[in-house]
Each structure stands twice: as C-alpha cells, then as structure tokens.
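A, B, C and D are the chain letters, set down in written order, and residue numbers restart from 1 in every chain.
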Amino acid sequence: MSERSAFRFAHPFRVRYAEIDGQGIVFNAHYLTYYDTAITEYLRHLGFDYEAEVKQTGDDFHLVKSTVEYLAPIRFDEEFEVGVRVPRIGRSSLIFELGIFGKGETRPRATGENIWVNTNQTTHRPVPVPDQLVELIRGLEDEALELARPG
Amino acid sequence: MSERSAFRFAHPFRVRYAEIDGQGIVFNAHYLTYYDTAITEYLRHLGFDYEAEVKQTGDDFHLVKSTVEYLAPIRFDEEFEVGVRVPRIGRSSLIFELGIFGKGETRPRATGENIWVNTNQTTHRPVPVPDQLVELIRGLEDEALELARPG
Amino acid sequence: MSERSAFRFAHPFRVRYAEIDGQGIVFNAHYLTYYDTAITEYLRHLGFDYEAEVKQTGDDFHLVKSTVEYLAPIRFDEEFEVGVRVPRIGRSSLIFELGIFGKGETRPRATGENIWVNTNQTTHRPVPVPDQLVELIRGLEDEALELARPG
Amino acid sequence: MSERSAFRFAHPFRVRYAEIDGQGIVFNAHYLTYYDTAITEYLRHLGFDYEAEVKQTGDDFHLVKSTVEYLAPIRFDEEFEVGVRVPRIGRSSLIFELGIFGKGETRPRATGENIWVNTNQTTHRPVPVPDQLVELIRGLEDEALELARPG
C-alpha cells in the first residue's frame, strides 16, 4: 500500500456536497473523476501540453483500464489530496498510480491505477509514448520510474 | 402549477444511488440532467433528428436559461416521470416547460423551464426555429401551443 | 447583469474534464453544482457552522428555487470564479445571487439565483432565518443587503 | 472476455448527454455509476430487499474494489445493457462481474468487477453474507456460481 511519501506530486481537493451519497460519503464513481482531474494536473505540473501534442501528432491517449481500492470513506467537506505518479512507461502505455490522502495523512483512503495507451487516431493502432513526455516524467520520477524501452 | 394532465409527453426515470445526496434525496443539479434527458426524448418522440438538422443547417440550439422549482423531494429508487411540453415558440426561441411527477401522481414534485435559442454557429446570431420542428411541435401540442410568428 | 465588482465573495474553480459535454463546454447541470459549492464556501467564509446549527435547532434550509442564465460558455480547463452574495433576507428565506466569471473578467459568463427557506424538520413549516446568520451576512454585505424584517 | 451470453441478467440504459465528454463518448467515471445502478437492479431482480436487510441486521455491504476495462467507446444516445452476474461468494464477500454491451451486441464494450464485503456497522468487522442472499443468487446463477463456504 502506497504511503503519501511515495508521491512527488499531489493535487488538493475538497469534497463537494454534490459528490456524497445517502451515507454522507463520497460516491464511488467520483473517485474516477478525482483520478482523472489529478492526472490532468500532473501533466500540467510536468509542463506537458496535451492538447498541442494531440493536434500536432494526431495521436491520442486512450484510457484502457481503471482500478479503485476503497480503504476508508471520505466525508462531505473533507480536504484531501490525490497523489499521482508514473511507476512504469511501456512502449505505448503509461501507468498512473493514484492515492487519495486525507489532509495531512500518510496512509491512503483509496488507491488506484489508470492505464493509458497512446493510439493513432486514424489507424486506431498503438504508437509510442511521445519522447518529450517520457523525458518530462523521467525528470520528475527519476529513479522511481521503470522504463520498458531502450533509453 | 402544472398538473400531470398538462403534459402530452413524459419520460420515465428511476432515481440512481449516484444521484442522491447526504439526506437521501436527489441532489439539485441532477434535476437539470433529468430535464435535459427528457427534452432529448421529447424531440425523439416528435421525430425530430437534431443531429441531422445541425449538420445540414450549421445552426444549433443554445440553452439560455434554466429554472427549477423544488416542491417535494425525490428519494432513492423512486420511479418518476418528467413531463415536457412546449407552450410557446418565438421566432428564434423555444420554451420547454417541465414537470417531475412521482409514478402515478398528478401534482408535481418539481417544475421548471428551459429556454433554447437557435443560433448560427458562424455568426453567433439568432436564426429562426426550423419550420419542420415548428410543425412537429404543433402536431403534438395542438391548440395548447402559442406561436409568436405568423403561421 | 451583475458585474464582478458586485460580489464581495467569490470562490475559485477550474473546469474538470468530467464536467464538459460533447461540444467541449461545461454541461448545464454542473452550473448548479458550482453554485451549491460556492454557497458552502460563502457560509464558511462568514464563519457560519451550518451543521452545528442544524443539529442544535432541528431546523434546516431547503432549496426551493434555482435559476441559471447562460451568457457565454465555459471551456475545459478554464479557471473561473463563482461570486456569491445575499441581496435580500426574508423572514424565513435567503436569496443567493450568483455570478460566474472567467479568471480576471468583469462580465459574467452566467448568472443565477438560489432561494433557500428555513424549515422546521418536524412540522415542515417555515421558521425564521437564524439571527446569527443574519448578523454574519449583514457584516459582509453591509448596505447592499435588504432586510425584510424589523431589525 | 465475457460474452453477452454469460449474463443471465442485464439492465438496459441509454447514454445521456450529461454523460459524454469532449470526444462525444461516455466519460470514464460514469461506467461506475452504470455498474452501481445495474447491481441495484440485479438485487431487485433477485427479490432481495437491501434496505430491509440493513435495518434488520445492522450489517451493510461496503464496496472495497472496482475495476473497469474499457474496450470500445460508447457514444451519445446509444442504447446498451449492463450485464451483472455473481461468479463467486466468499464468507463475507460478493464478487459482481459486469459487462457493457451495445444493444444487440455479443462482445462487450467494457467489462468490470465490483467487490463488496458485508460489514457490521458497529464493530466495522466483516460478517457473513446473509443466507437469504446466497440462496437467491444460487437460484439465479445456478452451477455458474462458486461458493467459498460449506453449503
């Protein structure tokens, strides 16, 4: 189980009333919205211009798999962070590891993983992760990053 | 206040667990999703092909105003209908009147209104509501429809 | 139409990818979520402890009406603020006036209003707005506030 | 990969405009809402009264893990079904296997799994899945069900 210290990047949130269910805790689907939003902020933090990349190359990332493990509930109005890190880059795939931490906490309320595959929008076939993005991630994650490609 | 009998068209729903809040009742923002979904079904019921119209004319409807009046809560798992009718068509605008009714009930749990304006996508100026749509609405609403245009 | 300067309080947001629709702009229902979230922050800013008040008095506010006027779209990833102010307090009712402003902009992308009525949870009848809340709002809004009660 | 025929129960849906993203396809978080809603319908189909069970026993199911595999996108206005089946019941846990199928299709657009654990609300410790629910699931799933308990 990933501790808060495993993440060099995290994005802060506060639970909206719109996000809780009849038990006063965050409804499960919203975890994926938190994950998605935090990944956008991770890429912004890296300095990666997603939209420019898509326009220039005609390639785009597809989400192929999401996993959420719910460890402890998150309540209305709580402040929390979503940690994001990339533990591994494959030829065409990126793995985002995710962790939700109550403000100031070290043990996660939830963990998860989103797997993206870079795809040519015309042929619908996997294409390599852009070199620029690999370099930006390597710059942040450093020795914690596993690369499945010669590099 | 509109009774159920005022609506010649209504679309059935059942409250999803994702849609309730900490008090076990539907969170207010979801009323607009119900309204939007019911209007889509109203147009389908009329036989109006929204996407084909947009593609052919380059015009598109913009939502310019929404109103919701909350009269009685809707609870998890309840079945309800959203009544939709068009009481008035202006030159460029359509008014959708909306009512939410518990299954088998005649008095609304909520009422509302969405106002659409047909707009040219290039000039961003209002353009007339398509004749075909006016005729389809007139066919359904009949003498209950007020037309603000020579017809 | 309310300018940005009409609001002494505003809460910052950034559009999540989960909130846009097929045209790349914020879907209408999310405006109500933004309004609701900004009102929570307004009450926090005032120092009003909503949950303590409900527990102590057994009274609770009900949302009775929402209005949204959509003036210009909000796009994915845009930063914006939701201005909140209370222009008028009735005996049992609070009116929240709302405005959405692109970052640094003075003219609204959307305006709106939420009307709350304070209600006894046992009798379901309207009861006065708590004096403490009236004073806190008066302290913030000052001469811009209209009070419909002797005070 | 589960074919449509693997599921004895499926619940129909149609994509709401509120559920699509900037690419015109269902945003990933909504898959979990579809899964949750379909599981509610599966339990209703079995004749299991979830709320009565919670009230009577003081036990409640917690969602501990969700997985979604996205195989092909689902577009605005598409009709689809979510298949639900329980391949395995542990002492305290239920595994729901899920599949999303375009109307009339046999190969899934998405698959997934939700794992529930029955928990005592006072001690927060796992407790056995209610016998009544085990029998109802066995009645539907028959020889396709694996039971991890003497039975």
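Quick notes on this structure:
Rule of thumb we're sticking to: a residue touches a chain if its C-beta (ideal position, glycine included) is under 8 Å from a C-beta of that chain, and two chains touch if they have at least 3 such contacts.
Everything quoted here is computed from the prediction, not taken from an experiment.
Distance from the centre of chain B peaks at A, each centre being the average of the chain's Cα atoms.
For the interfaces A-B and B-C, the C-beta contact count is higher for B-C.
Per-chain Cα centroids separate chain A from chain C by 32 Å. Between chain B and chain C, the centres computed from C-alpha atoms are 25 Å apart.
Averaged Cα coordinates give chain A a centre that lies 37 Å from the centre of chain B.
Contact with two or more other chains is made by residues 17-18, 27, 29, 33, 36 of chain C. Considering their complex, residues 16-18, 33, 36-37, 40, 77 of chain C touch chain A.
The part of chain C that touches chain D in the complex is made up of residues 17-18, 20-24, 27, 29, 76. Residue ranges on chain C touching chain B, taken from their complex, read 27-33, 36, 62-70.
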